[in-house]
Each structure stands twice: as structure tokens, then as C-alpha cells.
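My questions will all concern the structure given below.
By letter and in written order, the chains are A, B, C, D, E and F; residue numbering begins at 1 in each of them.
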Amino acid sequence: METGAQPRTPPGVPRTAEIPPEVRESITDFLYYEADLLDERHYEEWVELFTDDARYEVPVRVTREKKAEWDVSPTARIIDDSKEMLQVRVARLNTEYAWAEDPPSRVRHFITNIRIHPGDTEGEYAVRYNVLIYRSRGELPRYEVLSGQRRDVLRETPDGWRIAYRQVILDQSVLATYNLSYFV
Amino acid sequence: MQTVNTASVPEFVQRMWHTLPEGRVPAKIFNDPAVYELEKERLFSRAWCFLAHESEVPHPGDYVLRWIGDNSIIVVRDEHGEIRAHHNRCTHRGNQVCKAEMGNASHFRCSYHGWTFKNTGDLIGVPYYREVYRESLRKGEWGLKPVRIDTYAGLIFGTLDPEAEPLDEYLGGFQFYLDFFLKPGPNGTEVYGPPERWVADTDWKICAENFGGDGYHTPVTHQFGFQLGFYPSSGKTHFMGYAVHIPGRGHLIGIGHTPGLPPFVGFPEEVVEGMQQALSPEQIEVFSPARMSVGTVFPNLSFLIQPFSLTPKQPGLKFCTMRLWHPRGPGKIEMFSWCLVPKDAPQSVKDELYRIYNLAFGPAGTFEQDDFENWTNLSRQNGASSAADFDLAYFQGLDWEPLKDHPGPGLAFTPYVTEIGFRNLWGTWLNYVSTPPGERVDPSRVPPAFHPPQ
Amino acid sequence: MQTVNTASVPEFVQRMWHTLPEGRVPAKIFNDPAVYELEKERLFSRAWCFLAHESEVPHPGDYVLRWIGDNSIIVVRDEHGEIRAHHNRCTHRGNQVCKAEMGNASHFRCSYHGWTFKNTGDLIGVPYYREVYRESLRKGEWGLKPVRIDTYAGLIFGTLDPEAEPLDEYLGGFQFYLDFFLKPGPNGTEVYGPPERWVADTDWKICAENFGGDGYHTPVTHQFGFQLGFYPSSGKTHFMGYAVHIPGRGHLIGIGHTPGLPPFVGFPEEVVEGMQQALSPEQIEVFSPARMSVGTVFPNLSFLIQPFSLTPKQPGLKFCTMRLWHPRGPGKIEMFSWCLVPKDAPQSVKDELYRIYNLAFGPAGTFEQDDFENWTNLSRQNGASSAADFDLAYFQGLDWEPLKDHPGPGLAFTPYVTEIGFRNLWGTWLNYVSTPPGERVDPSRVPPAFHPPQ
Amino acid sequence: MQTVNTASVPEFVQRMWHTLPEGRVPAKIFNDPAVYELEKERLFSRAWCFLAHESEVPHPGDYVLRWIGDNSIIVVRDEHGEIRAHHNRCTHRGNQVCKAEMGNASHFRCSYHGWTFKNTGDLIGVPYYREVYRESLRKGEWGLKPVRIDTYAGLIFGTLDPEAEPLDEYLGGFQFYLDFFLKPGPNGTEVYGPPERWVADTDWKICAENFGGDGYHTPVTHQFGFQLGFYPSSGKTHFMGYAVHIPGRGHLIGIGHTPGLPPFVGFPEEVVEGMQQALSPEQIEVFSPARMSVGTVFPNLSFLIQPFSLTPKQPGLKFCTMRLWHPRGPGKIEMFSWCLVPKDAPQSVKDELYRIYNLAFGPAGTFEQDDFENWTNLSRQNGASSAADFDLAYFQGLDWEPLKDHPGPGLAFTPYVTEIGFRNLWGTWLNYVSTPPGERVDPSRVPPAFHPPQ
Amino acid sequence: METGAQPRTPPGVPRTAEIPPEVRESITDFLYYEADLLDERHYEEWVELFTDDARYEVPVRVTREKKAEWDVSPTARIIDDSKEMLQVRVARLNTEYAWAEDPPSRVRHFITNIRIHPGDTEGEYAVRYNVLIYRSRGELPRYEVLSGQRRDVLRETPDGWRIAYRQVILDQSVLATYNLSYFV
Amino acid sequence: METGAQPRTPPGVPRTAEIPPEVRESITDFLYYEADLLDERHYEEWVELFTDDARYEVPVRVTREKKAEWDVSPTARIIDDSKEMLQVRVARLNTEYAWAEDPPSRVRHFITNIRIHPGDTEGEYAVRYNVLIYRSRGELPRYEVLSGQRRDVLRETPDGWRIAYRQVILDQSVLATYNLSYFV
């Protein structure tokens, strides 16, 4: 059984040679920049980093036997958004009535293990990396740590890199958080 | 456990017999370790608890792992197609025999010493049986301990109480209202994929109450929806509609109306036809004008049908969510959230309904987020010492009269926004936790939730 | 809660009435779940508990969120400039109405159903009031539940006990000593920014004792300071000075002397002048020769003035820290640490004092680190089963005579290093936790902390 | 603690006096807060608890930090070479005086106020003694509180009960079997490095039972070993051998046989010689044919000797592991796992034995992993409410006859796979937790673990 | 509201082009080297990595409403050190009397999301990155995880990179630790 | 006291210049690739990344006084495997009877702070980096986080990089996990 849902990039042998260093660098910078926008809550700028045809998926992870065909549900989703839907979430966060984020969460995205493969389309890259998300909120000492792997398709555009597809595989089946009022 | 007995019913729970009929509820019932112990001993050990939807175990051997109270329960469809429930505990040393949330198995083999149980629960394999047991083990007596179950319209309930009355009696007529959620067509509903599960530091009761028809919170907690233009309604008429409860049983539903809505607005065409076939004229009379409906089966299973859309200012489609507010400790729950779709609807409709549900509910849901924000904060505040002598205001509709001509069972009131059903809910709860082990819970003991002036 | 009543006063607490006067304290009082329950029920529910410094809420609408026991309390300055305290619990369902540590608000709107309270606590907004409440809700009775407060020299205290004696009586003369920390000038003190907050697995009591004047630990726990040359003193004379306590009240202070120090050494010039104006001749007599002073207001508020510098071998400046050892569970605290600066001092002096304070205290403080190392280890050891019949040695000064000519209130002893005041502290604590709910705590019941030979 | 007294012996524990002799054990004893409190109060406070192996503190001043119940204990070899144990609690305020797992120290200086204790426990240093104590502190009475210890064959045990019978009596003849693990040669054993330590959510009792000779689980839990070809044996004969227990004492051992194995197979040559010198003819008769042996000293110390190899299909070498299942809360343990090697063996043999042990045991051990998988799942299931009236099947060997001609102490049965010894183990446990503080635990009260037909 | 205190680098669009690869590499190496010095407790070497005019700030983070102007206190600090003050802390740790670090904490600094911008001064770079700090201590299984963002100003010197300014924004308002006896 | 056990690479001044960029990149890619194989449970491929003479060590960490000579035990090991022994573990995981990993753990390895030094042998590099390991399992919301530093010797082979030596220093003395059924 593999944890992946479709479409997925297999681990695959590294193909560094095919990725020009400047592409590696600029994709890396882009992902760090994007994370910083989220952690500093610049949501409008953030959502503009998605292409108009983007899809953002967070599938439900299920505890299955080793021999099961999948543990990432092919149907159930925590999030399954188009760019418009992401914009709705951002608009909501910018109202005075997004109670779940007032006071705001303190969120930090730790991006590691970035691996870049040529995408199926010219000018697209399949980027797979790990993300550890730390969140604390309010005047309580408690914090939560989410772990997952992001599987992006990044597209090169005149304005720079844009996210055409993102799938986030979270490493829990019963989430240890009372809500996902922040973006994973 | 000897640590819980009549002596340890907290004073603020006993006080409730007097304060509830006056519209006062002690805050501390919403988060207290002693209350949680009482609920384990007296409520979840006796009530009919929701386990699963039949569509989660469609084929022989299909199983899911669920809870009754703090007990792990296997819900499995056996080889003959019969649904069964067993304690997930090997009878030899108590090891967990099923470890996956869902799957398919003809038998469960314990990984400790290899005792093997058919999915019917029968003990069929014992290693070295002859060598070490000789006559001393009667296999017939040592199958997985069964859990009594019963179903209604695809819902599988279980109870640990052999004396419990039948499910039908327990539902006490609430089936009339459940049908709206469960019979969008002759073939009923199915779940769209496995449930979303997460944990939160909230007492399960405030969630059950909220989904029992708390229309009062919508324009405030979910104000963003009005702000962004998801609802035509200004919120002005939001309180209109009906609230119904089953006295002594706890079950309750709120049915929101907006004057001038066309019947069954927001349902896909196929579904409207389905409902017209599946529902009785009385049910159609009650539900066709409904803007939305939200209800709770005592103690902790809820349903909601409401219109929503992927982006604002759309007509909107009506999705259905089923949710279980499962207690996992004092002031803690594990949440199960399902999307129910009409079995007969085309896949494309099911997909669209799910996606809409998903934007609103589940851990990242735009509605769910703010509900949990309130519930977790509320539970923390009500868990503090000072909550023990702090009474909450439950005055809405104290002196109202039930509707005379309501076509359905139970007592109906208008408008939809009221706290009458909540008082019946907590009266029912009080009745359970006040009834010591061994005694039967008598629904007639539950005080009336309203008293109109003579 | 019924789980705490006279019957459940642990044996080792009852024993204390006999052992304390002999200089023995059962180790388990420093970390025990039953003791924590007693403290919630009998101590923090009745004592005057510190909430905030007036300078934290300078303007109308300014608020901070604080604790009394495990209850969240809003401390707010209302539109008329009056300081008020309210329970942070909506009267409708108990939701938290204030969620920020500090801010400014003319009113608090509950995010669940929108009930709105003025910062005076009055309930001024109830959605759908007419439609759903008709006559049944008397708004006047459902404001935020107020907390009784009183102030001294900028300190805001609150109590949950309506019967509690006035704050002045409660302080019982300790004001004389508090002035040293709170009156560095005619306009008193202000906090330098919000407090540092963190949590630790230590019982609050050992912290309160330590800051009640435990000069005994300094040369060992903070030996690095001598080692690196921060103190001129060799530690040889470190025990010299005075220890004062208020019998039956618990309050206590230690005043360290080093022979031959010039008066008010280590205070900025402006501050010396300020103190000379603000303090009485008796107070000046007591404090001008002090090397440092450290004291605790029963139960858990402490102050310290000590000289320190950014690098070793400097003359050193005297900063003032105020700290609250807030209990958050058995053997757990949440720490609040403030730096108090003279309101009249130039900003540059305030900045320098804060920076010095910061190097010594707060979670990264070079002194604080080692204090918490000891306190957390001590609390863990005293939480073990064997601590229940393990008596700690509190023998210092058992048979000493109080000073005859001490100009201040309370009883004074010399040298500074002694455990007399600690015995009075724990005797006062014992008196509170031994007095059942409903009865009044009588200070005269506290046994004497010393008994000189006849 | 007053929270634990006879009144709070759970019903399911009391029931055990009747159910155990019939082969039924209430599941909840394997994970329950009230049971844990009983064990702290009545079992670990009175039994001889394992502390350390002498080879862990070979030189004067060497110490290790260990537990008895929830109490931290320093085990140290003093300047005169005598091994001592002290409570790790300063007598002044209870601070922890030793903070390292192991080390060497001539004295322990408390980091709070500097009281200094020799490693004999004597209080030898008190700062400002003259200035602040005058006559009031008798140093002689305030040394570190000693813990009574005794040793057998390199094992250091301690007890908190001054009335406890001598260790020899407590072991009650089990020494005969311990020798097999502890006397691979005239100079006995030593530990190979410090123990591996980790925590797990399992009750300690199921581990102690398993290592008391649960040969029944091996072919299932550790089936991979057969699958990969680590064992010649097919599992068919796996149940053969002997099970021995000491009535009323709880100690028990399982000795597995495989027909036709050469004597002492799998031991390095040097070790075989050593055993022949160190063991008696009776011991050699019992152990030389053993394929493996596994036993538990009541309550929670276990030993295992079994053959294993670094890769499959090798002849295999016999290593020895010693493990302590230390309770750290209800359903929680801290695990200590040591590898014991023959002191006289060449270093290369010690290294090889350790490496083999390491592949099988320790947190990453291929055997250990699956044992903990079962034990943690089992403990979770048995901690649920429904476990209180759920009886587990302990029927193996209920009506067997003990062997007549067994050369060793205690009662021996064949085959090796049986539950007779487990019933004696839980009967002994029941006797301890049922005997109130103050009364003596009488081994003769333990019911017989089997009853052959007349 | 933004989490930053002054001076702060806004997320800003990546400006990779302006940073020569060898600078990126050597700054990255430097930060990893520095972290290793801390985690291995080579404090004397570590403190020498600061310039003589360095400032090391850990501001207090406060739970505020979304609309508040700041949540990183402009005044309150957990640490506000000069190099001399850091040297005092190091000297203290090297005495026999730094009880809080004896036995020593087991600390690990995880450095991620490194983003480099040209500084205001020639030869200086503003470096913003995330740091996750794991700490366990003693014979207890418990551990703590701190999350934050470091905002450094690194200066190029003949001896290599030096830290001229460091600000650490911690992602908690009530710290879930009993002390900060280690460097964040 | 240092935490290292032998052989160890001291923090050492960065020696970037000596490591060609393509080596840095390919070693980095290799480590991410290897982590992904573990997290996706491709164990057979994973174990083949070790050289035939490889050794894999996880020493026991002990809480000692600051002045002690070591806190990483020179003798005691949690794992001390040859490649054959690793293959045994993998073979075990592939039976139906590896109960501890059925259902499988959800594991994620976060690789950071990679520092590369020339090895003692031509074509070998000493690579020291931090690893944070997140693991959750079953239908419980609980998760565990392990922290450590890996000290590898990587060897260049015709098939690409291979692990000749790995030592993992874990940052706990009493491990907060009920087992290490996954690879650290």
C-alpha cells in the first residue's frame, strides 16, 4: 500500500541533472515566500499565487490494514477547492466575523525535503516536499504540530511561479486539532 | 466503577431538577469530570448510540470500527449479509482484535495468541486447544462479546443495555422527522466516503444542543455568510419556522422558514421527485417549505440540511450532513462528520453536494470552524470552578403554547428560534444521569419543558 | 465540587497543625491533587487575589485578561474611568466573551449568539429579544457576573468571596513594606510592557515562600553571580538583615543588609529623591540601608528589589520585579513576571532598569532559570507517594525573639535568613484550607511561628 | 493518601477472589486508575522491588537513579564499597539531590540551599549552620532517608516496608531458577552497558505475566521468526517443557523443551563450562535440556534466555535479557531493558551476545516491537468501562496435577504452555492489593492456582 | 496585524537574482554551523560569531485581537542582549553553578525556509528563516518544541559571516517551557 | 561533554569551497529520496541504498552530569545493524506478521541542516544533518516527534550514492515512544 492519492509522483530516482540550478533556486524561494505570506497572514497576496484553474486538495487519511489498496481516501476530502473557493475562504478571513481566527493563530510552516521533477507539461514542474506546521493560539501554552507532504504542480508564468495543483497528505487519520482555520 | 455512585452526583446536577423548569441550567454540566463519569456509567451505557450507516458496510465482511462510550465496537456485515456489532476485545486476554478503521474480513485473528473469531463473533480457532485446554474451555461461550443493535432507515444503532426498550420506542416518533434527512428517495441515502474525524476540547452536549435547532446562533456565529452574500435572507426573518421535540425522549429538530420560498427549493430535481415518492403527505407538508432543518437524536447524533454554494450569490444547493459528537473525556470529543447523499442521485450530483458540504463542514469548513471556536471556548469557561454555582439563561419560550394543528409527532412551537426543546433535551439527560445503575430510566419523569400561563 | 469536602482533607494536611509549630512541614503539600482541589475550593475562592496593575489599563476601555483560581477574569476600565472586574463568561451559554490578553473595548459581544455587554458588565444587546423572549428575560439580572475588587498603590486585587474582609484589613499593615516596591516616587510605579508569561511544573507555594525572603538559597542557587563577580559581597554577610511577617496573615518580607552600604545605594538619583518624598521616616529608616528586599503578599504575589548590572563588576542598579505564581493544576503554575519602574523616572532610566531586570528574570533570566530548576525538581520529588509521610525541616529561628524596637508593623527578626515567616505563611495557608466552605477564616487560629524559651 | 483505602477497592478486584480460582480474571485489572492507586499504596510500597545490578555500580561513589513505585531512589556504592539506597529528596525542602541517571559522586550537594549529603546519606554540610540554626537542627536525624535493600546474585532489591520479610524468604526458593540467568559462571553476570529505557501505554502486569512463561504467544506474536527461518522448530513442539511457580509468592518460570536438543545447546563453550561449575546437579538436570527459559520475579522483574542469530537459518546463540516493567501511571510503564552477559566470557562473546539481544529486544527489537503492539492495544481495550464486567479466560491447566519428581522448589507442570502460574501470579497480586495498610500480607491466603479432580 | 517588530523584512518578492549562489551557500552553511555549535554546546565559539555591536532580541508575543496594531510587543522582551550580555550568559553556563543546564538539555535547532535579502549596508544581508527547536532534558520522556522565525542581519567580515542583529519571533504568547536555559 | 560517539565529525568550520555544487545537490537529493522511500515504505529499495559493508548505529543516550565524559553511550545501542541485519528487518516488515506495523505507522522524516565534509577516503563524504521524525498510527489523534542528528558516511558508486555508515543520535534518554518499528 502506498499513501499516495492520484495524481502522485512516485519517489523516483533523483533527476537533478534535468532541473537547472536556477529553477531549483527560484522554486525553493517561491515556496518559502509563499509560506511566509501565510504565516504573516497576507492572504490576498497568497491566493493570487494560484492559477485560475488551480485545485487544492486535502484528502482524508484513513487507518487501514497494511494490505489495503489505499489509506488516502480517493473520495473523501477535508478541502477540495478551486481558486474561487480559496478566495471565499480568504474573503471570510478578512471579515470581522471569522471568529476562529480572531485572535489569529500563530502559524509557522516548515518546508523541507524539496524534490523537483519535470511536469507532464512544458513549463510545469511536479514538486514534492514535506511540511511541518506549528500552530498555537490564544493565551494557552498548548500548541499543535501537523505533519504532511505537499505534492504541487508549479507553473512558470510571466509573473513568476504559480500553483496549478496542490495536494496535501496529512499524517493523521483522526486530526489532533479542533479546526483547520489556517491553511496547511 | 465504585468511584461513581449516587453519592457522587454533583450538587449542581441535583439542583437542576429545580432550576431547569425555571429556565436555568448550571454551567458546569458542560464540562466536569464527575459529570463525564456519570455519563459513562448511566447514559452511554444505556442509550441507543449511533454506530454507522449501512452504506459504510455494503458487502459481506465489510467492517468499520466505532465507539459506544469509551468502548471500541466492531460493526461488521457477516457472510450472510447480516449486520452485527461486537466488542473489539479478545476474550482470552482482552487484546484488540480489529485495528483498522474500516476494511473487509471474514474473521478476526488476535495477534497475541492467535485466537480466531468469525465475523459473526464465533470463536473458531484456539491454538494448541487439545494440548493445553483439554475440557476446560467451552468455545461456544467465548466468542466476541456481542452488542445489541437495531437499525432505522440505514442508521445502525447499538446499546450496551440488554434491558433497553426497542429502538422504535426509543425514537418515539422522531422517525417522522428523520425521514427528511434519510429518505431523499425510495432507496434512501448513502455516505459519501469515510467520515472526517478530529478531536476538540468541547463538551459533546453543547454541540448536540446546537444541532438540535439553535437557529439563534446562525446570524452571529456564521455572520460571514450574510456578509459575503451567501444568504439572500438578511437574517431578519431567520428566526421564523418551527421547533419540535419529543417529550421525555430528548430528540428535537428545528425547521427554518423564509416566507415565500418555493417548495423543496434548492434540491436537485431528481431529489425532489424522490422525496415526493418517499415521504408522506404530512411529511411533505412539514418539510417542503423548509429553508433548512437541523436536528438531534438523543444523545449525540445530529443532522443538518441547508442550502449553500461554492461561491456567494449563487442560488445554492441543499446538502445533508450527519455528525456524531462522540465524548472522549471530560470536555473532550471526537468528531465524526459525514455527508449523506441520495443513493439514487447521479454521481455528478453526489460530487457537487459533497463539495458544497465540504466548504461548509469538516475541520476546515467555513461554518464548522466558528462553531468549534465557540464550543471550545464555552466548554473551557464552563469547566472552571465558578461555573458550579453559575446558572445559564434558558428562558426562550418558557411560557409558549404548542401548536394545535401540527401534523407530526411530538410538540411543535413557532418560531423556530426557542429553547423549549433544549430544556427537554437536558431534562432527558438529567433523567438518565440521575437514575442509578440497576433502575430503569422512566421518560415520564422528565419535567415539561414549558408551562403556558393557565 | 462534592469531590472536595472536609472528609477529603488529606491526613498529611491535618497533621500539619501539630508538626508545623515544631518546625516540620509534610513534603506532599507541595504537590498533590487533593491539595490543589482544596486550594481551589477554600483558598483562591476566598483570598484577595492579585489581578493587575492600574498602569496596565490606563485608558477607558483598556482591559487585560487575568485569573482568580481557575476562573478567567476581565479587568477593564469603564467609560467613566472606573476599574471593574467581570467573569469572562457569557450569561447565556457561558461562552468566553473576551479572548485577547489585552486590548481596548467599549463592549464585549459574544460570538455565539451575539449577546452584548458594556464594559461595565451590563447586558445591553440581545438579538431577537422581542421575538423569542417576550417577558421572560430580565436583562438587568443577566450582565456579566461582577468580581469584587479593591486596590492599593496601583495594585488591583479581586476576591470571589462577598464576605471577605476589606483589602486593607487583609493586608494587615503589610502596606508599610509594599510601599518600598510601589512608591519610588509620589506617582508610584508603572509596568514596563506586558508581563512575560510561561508555564512550569512547580507548585506555586515554593515560589511564594522563596520570594517571601529565602535569602538562604541565594549564595547557592545563584552562586554564579558571586563566581562571575556580580556581587561585591562574598556571601559571608549574605544572611544579615531583617525578616518581617504579619502574624495570621501570611504576608512576609526579607530585607538584606550588608554592613557599611551607603543609604539607598544603587537607586538612580531621581528615584532616591522620589522615595524620600513618598516614604515615611520609619519606612526610610527600614529601607534606606537595605541591600535588597523581597516579599510576598499572601497567597501568591511577590516583589523583589535587588541590584544587578549588565556585566560583572559594575556598581549595579536596583530594579524591581513583581511576579504572580498562578496555580494551573496540581504542581503546575502559570508565571507572570513584570518589571515595575518609577513612573516619574526618565525613559532612559526605565529602559536601563528593564534591561537589567531582563538579564536576571523572565524565562531566560540568569536568576530565574536556576530558581525554576530547583522548584520544578522539588515539586516532582514532593509529589511522590513517599512524600506523604516525609516531613521537611523548617527549624530556622524556632526559638528566636522578635525585635523590640522595629519601627514597622508585624514581627521583625534578625538575621534576615530565617524560616519564621515561612511557618507563619504555611500556618495561614493551613488555616484557609482547613476552614470548610461556609465558615469564616479566622486569622487568630494561626499558630505562632516561633516560641522563645520562657 | 486518603483517596485510597479499603473502601475504594473496585468491585471487580473484590470479585476476583471468587473468579480467579475458576479461571476468570476481570479485564479491568489490566488498566484502571483505582487499581494503580492500590498498587502504589499496597504493592510497590511493600514488595521487594528491583533497583539495579551490582555491576552497574562497580566502584565506590558509582550511582544510578532508579524507582520504587513513583519514588526516585539513588542506588550508590559508598566509600567503603557498601551499596546503599536513599530517597532522592533533600530533607530541607525536598529538592532532588541527584539528577543524573548514572555517575560517580562522593557526596550530593543540593542546588537549592546547599545542604550536602555524603553518599552514605549522612548530612555533612549545612550553610550558615551556626548563624541560623543554633541548637534547633540535629544533623544526625536529617540525612537522606535510607531505603532498605538486600541482594541476590548481583541483583539489588529495595523495599519501603520496614516490616517486609527478608529477601530470601520473599524469593521463597525461586533462587534455584534465577541462578540459570545469573550464574553462567562462578563470577556471575554483568550488564552490557546502561539499559535501554522507553515509555509505553501498557499496564505492567501483562508484561510481567508474558515473561512469566507465556510460551503460548510466541508462535503467533513472533510468527515472523518461524516465517523467516530463525527457528528450526516448526512451532508444533513449541508448547513442550515445564512451567514452575512458587505458591503464594507469585514468582514463576517457563522452561521450553524441544525433543532431542543436545544439552546446553546454543551457549558458547566457555559459558557451558561456567554453568557446569556454578550450577547444582539438580539445576543442571532442569536447565541443560532447555531450549529457552523465561521467568518473572514478583512483581515486575523478568528474565529471558533464548537462542537467536543475526541472520536466519544460523545455529543461533543464547543471550540473556533482564527487564523491569516499571509502572508510571494507570496503564503506563517505563521500560528498562538490560542485556546480561557472563562476567567471565571474552569481550568478543559479550559483544556478539549483545548484538543478538539488540536485534531481538529493546525499543527497536524485532520481538519487542510486536510484544508492545499487543500489550498497548490490550491495555487500551481493558481500560474501557465495559472491561469492568468482562472476564478474561484463564482456563489452561485448571485441573492439572503437579509433577511428582521435579527436582526444584515450587510446583512444576508440563507442558510449558499453561496458565497455572499466571493464576498464582494474580492471586499473589490480589493478596497484596486486598491487604489494607497496616496489616501483613499473608502468602497462605493466596488461593491454589489449580485443583486436580479428587 | 503583522507579527513583525521593528526592524522587519516584509515577505517581499524573492530577489534571488541579486544574491550570488556562493553567498546563498555560505550563509546557509554558516547558519547550520552556528546551530551545530549551539546543539553541541560550544558556547565560546558560538558567541564569537556575533559582531561587537550585535544585538540579540527575543520580544514578548501577546495574544491580541486581529485588528490590533501589534502582537509582538514593541517594548517587552524575553531577551535583549548585547554581545557582552551574551558573553555573560556563556560565562555563566561554563561555571559549575548553572544548575538549569546540569544535566544539560538535549537541544536541536531545525533551520528551514532560509530567505536572503540584500541588507541596507554594503556587505550585509537580511536573512529571514524559520527555526524549530526540540529540547528534552533529564530522565523524563517529555520534550518541548518551540517554533519561531529568526530575522538576522549577517555581516561579511574577514573572518567570515558574523551576526550583527538577531531577532527571534516565538510562536507562543504563554511559553510552554519552564525556562529558556538554551539559546533560541 | 559533547554528545558525539565515535566516529564523529566535529562542527568544524564550513568548508563549502571544497564541495562542488553538484555534489551538494546530488547528496541533498539523495537524502530526500531516501527519506521518501522510508515514508512511502519502499523498504526493499531503501535497504539497497546501503553498501554491503554498511553499519547502522543508534546509540543509547544517557542523562549525565555536564562534566561527564559522554552522554552517548559508547557501548549500549538501540540498533547496531549490518546490511544483512537491516535486510532481516525489511524482510520481517514484509511478512504478514509484523504486527507492530499493521496498520502501518504514518511517518515523515524532516531533513534539515545538511552539512557536508570531505570524507577520509576518496569518493566518500561525511554528512551531518538533523532529522525530525513525525509519527502517528492507528485511529488515535496522538502523535510522536523524535529529534536527532544523523552522521552519515556516503560513498559514491557507479549506481549513485550509497550509505556506508550511519549513526543517529537521538535527543532523548528515555524514549517517548512505545517502539521504534520505523527507521529513524
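Miscellaneous remarks
Following the convention adopted for this analysis, a contact is a pair of C-beta atoms (placed from the backbone, for glycine too) under 8 Å apart; a residue touches a chain by one contact, two chains touch by 3 or more.
Not measured: the values here are computed from a predicted model.
Listed by label, the chains touching chain A and chain F alike are B, E. More C-beta pairs touch across one of A-C and D-F than the other; that pair is D-F. Centre-to-centre separation between chain D and chain E, using Cα means, comes to 47 Å. Chain geometry summary: the mean Cα position of chain A and that of chain E are 26 Å apart. In chain F, the positions touching at least two other chains are 21, 63-65, 98-99, 101-103, 110, 112, 132, 138-139, 141, 145, 173-176.
Of all residues in chain C, those touching 2 or more other chains are 99-101, 111, 197-199, 221, 334, 370, 373-374, listed in ascending order. Working note: touching chain pairs come out as A-B, A-C, A-E, A-F, B-C, B-D, B-F, C-D, C-E, D-E, D-F, E-F. Listed in rising order, the residues of chain E touching chain C in the complex are 58, 60, 62-65, 68, 73, 75-82, 84-85, 88-89, 91-92, 95, 97-101, 173-181. Partner chain A is touched in their complex by these residues of chain E: 1-4, 11-14, 16, 21, 24, 61, 63-67, 71, 110, 112-115, 128, 130, 132, 145, 147-149, 171-176.
On chain C, the positions that touch chain E within their shared complex are 99-103, 192-202, 221-224, 227-228, 310-312, 334, 354-355, 358-359, 362-364, 366, 368-370, 372-374, 376. Remark: chain C residues 1-3, 40-41, 45, 69-72, 87-96, 99, 110-114, 127-128, 131-137, 142, 145, 160 touch chain B in the complex. Every residue of chain D that touches chain B in the complex is listed here, in rising order: 7-11, 23, 27, 30, 32-34, 206, 214, 216-217, 219-221, 239, 370, 373-374, 377-378, 380-388, 390, 392-393, 395-399, 415, 417-418.
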